Amino acid sequence: MEPGLLLLVLDLAGTFVFALSGATAGVRRRLDLFGVLVLSFVAANSGGIARDLLIGAVPPSAIRDWRYLAASLLAGTVTFLWAPWIERLRNPVRLFDAAGLALFAVVGASKALAFGLHPVMAALLGMLSGIGGGIVRDVLLAEVPLVLRADLYAVAALAGATVVVVGEWAALPPMAAMCAGAVLCFVLRACAIRYGWGLPVAGRWDPIGQPPARKPDAEA
Amino acid sequence: MEPGLLLLVLDLAGTFVFALSGATAGVRRRLDLFGVLVLSFVAANSGGIARDLLIGAVPPSAIRDWRYLAASLLAGTVTFLWAPWIERLRNPVRLFDAAGLALFAVVGASKALAFGLHPVMAALLGMLSGIGGGIVRDVLLAEVPLVLRADLYAVAALAGATVVVVGEWAALPPMAAMCAGAVLCFVLRACAIRYGWGLPVAGRWDPIGQPPARKPDAEA
Amino acid sequence: MEPGLLLLVLDLAGTFVFALSGATAGVRRRLDLFGVLVLSFVAANSGGIARDLLIGAVPPSAIRDWRYLAASLLAGTVTFLWAPWIERLRNPVRLFDAAGLALFAVVGASKALAFGLHPVMAALLGMLSGIGGGIVRDVLLAEVPLVLRADLYAVAALAGATVVVVGEWAALPPMAAMCAGAVLCFVLRACAIRYGWGLPVAGRWDPIGQPPARKPDAEA
């Protein structure tokens, strides 16, 4: 399999699992079929679209290439029809989501580097590719984005993207760096799910303050 | 009247009625004058701005051409001054809104085709032109966008935009296809208002579950 | 100091104070460290990024130039570590925020003019540069943007940006116009804070209606 084709397949697989997470959130909020399909597409493609707009790659891949749309709509339809069944698969879906995050982060960083961005920014745009979809999904549902308040999610994406950027700087073979970055991101995220790893919250130790914003149950 | 001028007039008319819907929502939430004007502009122009950013037509028409701004501000000011009177016109305004949706959908699809997008994407961008403003309006008001949860709104826009795309493929005269698409969208939307047509919601038949998200009264 | 360098320094100072406002809002909502840093960056740079996307200046400065990121992250880290101390500085921070607003408005209008936009649109894009960050900050926190419902905030930015546009039209020296605009914006905003100036809200005088949306305490 040539690298370009492999990248595309991984990208579409990531799109599919992210779309599952968006559709699941939509079904839970009892959106209609159209709303569920929109959330599928948005959760799967907003990160990449934002990245492409920011680096000047218009029209964004998700708009130019119908396969991203097809993967999103397929995931949305599947979820709409068999939502209770997908719900029961919560843990597998979270692992798939971690895989999608890993793929998007390394592919996004790689694309930003190819467009000549500063390495630090390329790493951040890789992270944005991974987390952007979930942010827009939550904004559309009028919730504070989960990624801003829970777990080691964005940091895992940033770590994976950073490996790609460092690999480029060290002139490693791109595919090796991408694989290493994706594995690092996936392992970090899987450990965060398994062991409840999170980042610190700024200390306000008043016991009668507002309750913490973290809602572990809201996770897709 | 030449086609270009006709398109502009229709586009400005659609802008005006969409701005009415945004301003009405702002007045209801007791925003100040500036907030109402911003919601007018946003509700009327976000869909077109998003479409233009995605197809690479920068600066977007709504930014380059002051007439879209003028139409939006006029509608916002009218609503701000005579809000109770506009409220009483709810049903006419909903029909105007359906007309705006029809116009934006066919104009948007036509513009996306002119920028060389894949036909499927052109139809979706036509739909986005029609529904994008309402989505941003609701996000700014911290609500789940109405279009994701109620009625046959986006589907009507998609149907109208699809007619334009199919017309282009069948080499029909563009104006004929646009008229047919606009009429189809308007009729679908008017029927959805009149008969309460909607899309299915994923089945969860537990009677004590959370109440459905659909709020027909929240419609502009 | 040459004008370009002065502009950069002012721009970075504005970025820093806006990032403080974003980070403060994030700490209040008990986001984790990453969420606080994201809100810092978003509050400081969304306005400029939106402006740059709209005028076609991609990649936006905030993405191309690592110093905007550095200023944002520095402000976010400072706030995260010493949040209660920053809270106590509420009034100084509000004045800094007014200074940031003034700087962003005049710099934004100036940049839009340089990209050949219509003067009215350049003034509005200057305003957007100033208020965009706060809008995205509030949307991410699932709140109705403060700027839409309180005080003379956006109008102050618009006034400052208008001075720059009129100065360009009258062929005044750019730096003089920018200074005058920034001073006007700052003074208007400071007076609004001091004397509670605001814009009218559309009249609905029913005493048992919904409470006004204005929440003075939510201000950064």
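Chains: A, B and C, in written order; residue numbering restarts at 1 for each.
Everything below uses one rule, namely that contacts are C-beta pairs under 8 Å (C-beta built on N, C-alpha and C of every residue); 3 or more make two chains touch, one makes a residue touch a chain.
Since this is a predicted model, take the numbers as computed values, not measurements.
**Q** Validating interface symmetry: for the copies subunit B and subunit C, is the fraction of residue numbers used by both over half? Same or different.
**A** At the contact between subunit B and subunit C, which are copies of one sequence, the residues are largely different (under half shared).
**Q** Could you work out the angle of the rotation that brings the CA atoms of subunit A onto the matching CA atoms of subunit C, rounded to the nearest 5 degrees?
**A** Best-fit rotation on C-alpha atoms: 120 degrees.
**Q** Calculate how many whole Å lie between the centre of subunit B and the centre of subunit C, each centre taken as the average of the chain's C-alpha atoms.
**A** The mean C-alpha positions of subunit B and subunit C differ by 29 Å.
**Q** So which bits of subunit C are touching at least two other chains?
**A** 53, 139, 142
**Q** Over in the complex, which subunit C residues touch subunit A? Could you list them?
**A** 26-27, 29-36, 38-39, 49, 53, 58-60, 63-64, 66, 69, 79-81, 83-84, 139-142
**Q** Flag every residue of subunit A that touches subunit C in the complex, lowest number first.
**A** For this pair, the touching residues of subunit A are 53-56, 115, 117-118, 120-121, 124-125, 135, 139, 142-145, 147-150, 154-155, 198-204, 210, 212-214.
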